[in-house]
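In the two assemblies presented below, subunit A is common to both, partnered first by subunit B and then by subunit C.
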Partner chain A sequence: MNDQPPLLEVRGLSVRIRGAARNLVDEVSLELNAGETLCVVGESGCGKSLTALALMGLLSDPPLQLMGGKALFRGQNLLSLKRHNLQQMRGDQVAMIFQEPMTSLNPSLRIGEQIAETVRRHRGVSTADARARALEMLERVRIPAAGARLDAYPHELSGGMRQRAMIAMALANDPAVLIADEPTTALDVTIQAQILELMRGLLAETGAALILITHDLGVVAEMADRVAVMYAGRIVEVGAARAIFEDPQHPYTIGLMSSMPSFGDSGARLVTIPGVVPSATAMPPGCRFAPRCPFVEDACGAQPAAKAVGSDHMVACVRAPLGVAA
Partner chain B sequence: MTEGVILETRGLGRAFTGRKPLLGPATVVQAVKDVDLEVRRGETLAIVGESGCGKSTLARVLVRLLAPTVGTVFYEGRDIAKLGGAELRSLRRELQFIFQDPFSSLNPRMTVGALIGEPLKVHGLGNAAARRAKVARLLTRVGLRTGDAARYPHEFSGGQRQRIGIARALASGPKVLVGDEPVSALDVSIQAQVVNILQDLKAEFGLTLIIIAHDLAVIRHMADRVAVMYLGQVVELAPVADLFANPRHPYTEALIASIPLPVVGGRRAQVPLAGDLPDPTDPPKGCRFHTRCPYAIGRCARQVPKLADPWATHQVACHRTDELALTGLTTVAVGRSPEAVARFEMYRAAAAERAGSTGLEISTEE
Partner chain C sequence: MVEKLGAVAPAPEPEPERPAGNRALRKLRRSPAALFGGLLVTFFVVVAVLAPVLPIPGPAETDWGAVRKAPSMAHWFGTDEIGRDVLSRMIWGAQASLLAGVVSVVIAVLLGVPLGVLAGYARGWTDAVISRFTEALLATPFLILAIALAAFLGPSLTNAMIAIGLSAMPIFIRLARAQTMSVLTEDYVESAHAVGVGHLALVWRYVLPNIFPPILVQATLTIATAIIAEASLSFLGLGQQPPAPSWGSMLNIAKNFLEQAPWMALWPGMAIFLVVLGFNLLGDGLRDALDPRDT
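Right after this comes the complex of A and B.
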């Protein structure tokens, strides 16, 4: 690990539904270094999207409530910013790409206007300059006939093109941090390959750091420098991508990787994780994976502390480092 | 009909016509066009393609949930469009469908027991007591509890609802099960449970499975043969191992190259396919793939390629297939240390033992 302080440092982020007994996002701590891609991976309901929304100040409160934590970015705590300062930050230094561009773009505004709006909002430039920037961005995300597409409405674009337009909008003000929530999940596999390639190119060009939220371990392997695995609101394992894929230590990470159909052995039975993800209202005490864990023991009744098992590799499991029993 | 073929299509096509605008003709989408397909008894045939390629329409036409606009579907040698009365009812019993979305395909006002018992009731199979017993057996078979019969769909998770859908499809004793993206709405750990159940049931009941899917990893795992569709047409059909190792259609090559592999450093050098899917109301002339095909030549824009030799085991509709050397799946092994490999093995053993003791996962042994 380098000695530079992280660009974004999240400490103890917790979110719950008002009145609920337990947190939906529980004591999440993350570090994002300048220029790196951190993938947050987990199944539905693991809290990965809520974490992103909390960082952007986009939790809908009520019913959701920020219970605590800090997100330090350039000396400021994103979680305690006043509304005005948050709006200054959002879309400028920190920007977000959502899963479904059809619902996150304004259907009644032309693409060019929507991109120009974010530029004018943060840069205070003229309408003509903002439009020129919008055109430049559409060209950079390689939308064909970008000049004509400036005046297109979102419904006139294909899913892949809409996602390109979303990326153009997010990058229009050269953010230092980009948060992308399942940006390719709604896309077909050939289009997904195009968008991932585009994002890699743009990140290298702009030096922006990316928090990429996904459930797809294939996407993680292609994009991540570092990986955080979430389960039921907690980070269970975090580290360098190679460490997570080649030397996973948490039983959930191992189970998740095992249950993917591999391209190697066709027809064999898939390994599974028994049971289901706990619901928001029935989070187990102690280790939240314990009810499904094949290695569960008495000590799992208490919440496990994160242990270092490598230079950039932390695991929250009492059994870590997980060795083979003799 | 060829020996061993259970379901067969000849020149099958299905078009959808939009509402006629004030001026000009109505738009027509040829969702399925010129499909000749044979499904063999006892096999798992996967139909793969991207959204809008017509795979779901084809699945629905195969079981007569939709009527074809042209062509014929033969089930055990009989034209299913001509069946009526008792024969149609028996077709309905023998061809069953599993839907993608277990949230919208189960009536929320019916109990699970009523949902699974409905096909039995409709087909007059057994009296009330016999039906209850059968429902209980089916529930256990898909890994649910017999007591779940009294509960409602909203009380279950997505994976459990898909099990209910499977139990319901199995109730009437089908010979062919058609699954339209049966596991794509599920998380990967739950998906693995449902894939295992489908494979177990297929073996137990001697089912023929037709799986519609876009996830190539699931297909590689489950299928015996794969049909690749693009804009309404089957462009390649081959045994699964052959298709992944030696794709012969450029679109298949691109699909395979687009799969993100869960291996760090396994990233491909370049994007396999440029451009978007063309507008299905106005598909390209000639080969429908030529606008995106990196190997297209003049002829591809003019002449429609046919699936060469319908009796061959590996069929492909491409003018240039014999001159192209296409790349299949290159599996890069994850570089795991012996300790990490042992850890995975330990997980596999422990998970299997646990599943056996809690009944959360159905067992393979009968």
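Right after this comes the complex of A and C.
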């Protein structure tokens, strides 16, 4: 895209359950440029969330274990940070928003205090200043009557409001990278649209880069600058959102795209991908999509290397690039 | 699927104005049993606090002209074997009982909760050591342990309170450990990690407030147990020392005069029964009121 090094560069990230034979997240490599939104898509259990948790140093070990990889952020490897430095990094330069707004706030702490706490912790400002910052953040995420909500407990807010509060907390210290793990999945569709719109606005204001984890291609189309498609713990295709949507190369991506309902062809059956994701214990040795792939061939028995098929478009499939008239 | 819905107007939200503790309090007030328990406890507390100003003879004042007299207008609850007013001794004895109940539970909570939180938070070796220690204490019946400790420390009300507090401590270690472990699996703890909250802040602002309700319930119920334990120790002569009054030691003396002066045993027995009932009902009510599953 440009000559600047990426803001966050993940190389060969692997995670497995202690003692397991195969990795749940296998050799994942990603690049996140300043200010861009990278969507990580894939079905449940493909390792999207594990990837995010690993980046935040939040893997619960045991049972999970980081098997290797690097995540370079401003010259530091996030994966090898000492606990103390990690705590300083989290919530300050890298912040995370979780899926469940209903349970992700401390029920016995007022909203304002929770936000102020992260500000105080990372900026060392006075209680009054931290509270002022919390109020400012609540106003920025457009929580009505923000002054009154500052002293509300989480159970007094609706799901949408709580997710706004979570966003306020995550952005309170102006992080350079925000990781959002299915931030709208637990919300209904209208609230979801509001939250996404809000996040876009805030990202544009603050210039933060976003890693958005989702299984919802509608959300991807709305938000993504770049897209990484994950399947069974591996990145199968990554590139500019436009390239992925207009010219998907990996059979899995193609399957995903065509399984998305659209307005045009009502009445037609949706395309489905036969079979299920292989379980972690029964991962095929080569391409992990091979057992479900309609185009499988002998070469699929070995792990295909990622190939560039465009200026910002990589695919891990032996058949790529697909010929125009293939 | 996600069409733009125009401007991001602030979502219309009903104004929810309800301080957090109110729901539990309202539920507590709706329970007749808990109310009754609360009344009993309040009554004994008020009486014990007012002991110095009530128009009653001193608890150690003897009247050799009125030895073992049945209840009358002069001595509502009768007199004991050396002519002391039983009502006065009951009222002053309430101080000892309530004090012993509350102080020993405070000791148990102040020692037990930090140990339990530490075990549940640190896990590993720390947890193993604390848990084995707790199990060893729990293997000994509560009262036996209290008696042994009190005998070891020497007979006095203070030592009885320490002994009861130490004996009640393992329950709080266990409870706090289990509750801590359960709170640590909550999403909000993970999100606290994600914003860089440190260990101390996590324990202080995330773990402790959220394990408070069950600890409060257990503490209330344990006060009842502790009061019985104090009465038992005093009955055995290991608690409050004569001539200072205590319901337990009053019972001990009364057992010698059951046939001649049954009132000497009746009042302390009834008082222990009622105050323990009160704390138990209150504790049960609190447990129901603070139960998040049942709204």
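Everything that follows uses one rule, which is that the second predicted complex is superposed on the first by the 322 of 326 C-alpha atoms of A that agree within 3 Å, B and C clash if a C-alpha of one lies under 4 Å from a C-alpha of the other, contacts with A are read in each partner's own complex, and residues count from 1 in each chain.
In the analysis below, contacts are C-beta pairs under 8 Å (C-beta built on N, C-alpha and C of every residue); 3 or more make two chains touch, one makes a residue touch a chain.
Small disclaimer: the values here were computed from a predicted structure and weren't measured.
J.: Name the contact category of A:152: first (subunit B only), second (subunit C only), both, or neither.
T.: second
J.: One more residue to check, A:306. First (subunit B), second (subunit C), both or neither?
T.: neither
J.: Looking at A:256, would you say it contacts subunit B, subunit C, both, or neither? Reply first, second, both or neither.
T.: In the superposed model, A:256 contacts subunit B only, not subunit C.
J.: With both complexes superposed on chain A, which partner does A:192 reach: first (subunit B), second (subunit C), both or neither?
T.: The answer is both, since A:192 touches subunit B and subunit C.
J.: Look at A:271 in the shared chain and tell me whether it touches subunit B only, subunit C only, both, or neither; answer first, second, both or neither.
T.: Touch status of A:271: first partner only.
J.: Which partner does A:125 contact after superposing on A: first (subunit B), second (subunit C), both, neither?
T.: In the superposed model, A:125 contacts neither subunit B nor subunit C.
J.: Is A:67 contacted by the first partner subunit B, the second partner subunit C, both or neither?
T.: Neither partner.
J.: Between subunit B and subunit C, whom does A:247 touch in the aligned arrangement: first, second, both, or neither?
T.: Only subunit B is touched by A:247; subunit C is not.
J.: Does the superposition put A:44 against subunit B (first), subunit C (second), both, or neither?
T.: After superposition on chain A, A:44 lies in contact with subunit B alone.
J.: Which parts of subunit A are touched by subunit B and by subunit C alike?
T.: Dual-contact residues (subunit A): 158, 160-161, 189-194, 196-197, 216-219, 221-222, 261.
J.: In their complex, what parts of subunit A are in touch with subunit B?
T.: 43-44, 158, 160-161, 188-194, 196-197, 215-222, 224, 241-242, 245-249, 251, 254-264, 266-267, 269-277, 294-295, 322-325
J.: With touch defined as at the start, can you tell me which subunit B residues reach subunit A in the complex?
T.: Residues 50-51, 157, 159-160, 187-193, 195-196, 199, 214, 216-218, 220-222, 240-241, 244, 254-255, 257-268, 270-274, 276-277, 329, 331, 334-337, 339-340, 342-344, 346-348, 350-355, 358, 360-361, 364.
J.: Okay, in this complex, where on subunit C does subunit A touch?
T.: The touching residues are 1-5, 8-11, 13, 15-18, 20, 186-188, 190-198, 201, 205-206, 209-210, 212.
J.: Along subunit A, where are the residues that touch subunit C in the complex?
T.: Contacts found on subunit A: 56, 58, 86-92, 95-96, 98, 100, 103-109, 113, 117-118, 121-122, 142-145, 152-153, 155-158, 160-161, 166, 169-170, 189-194, 196-198, 201, 216-219, 221-222, 261.
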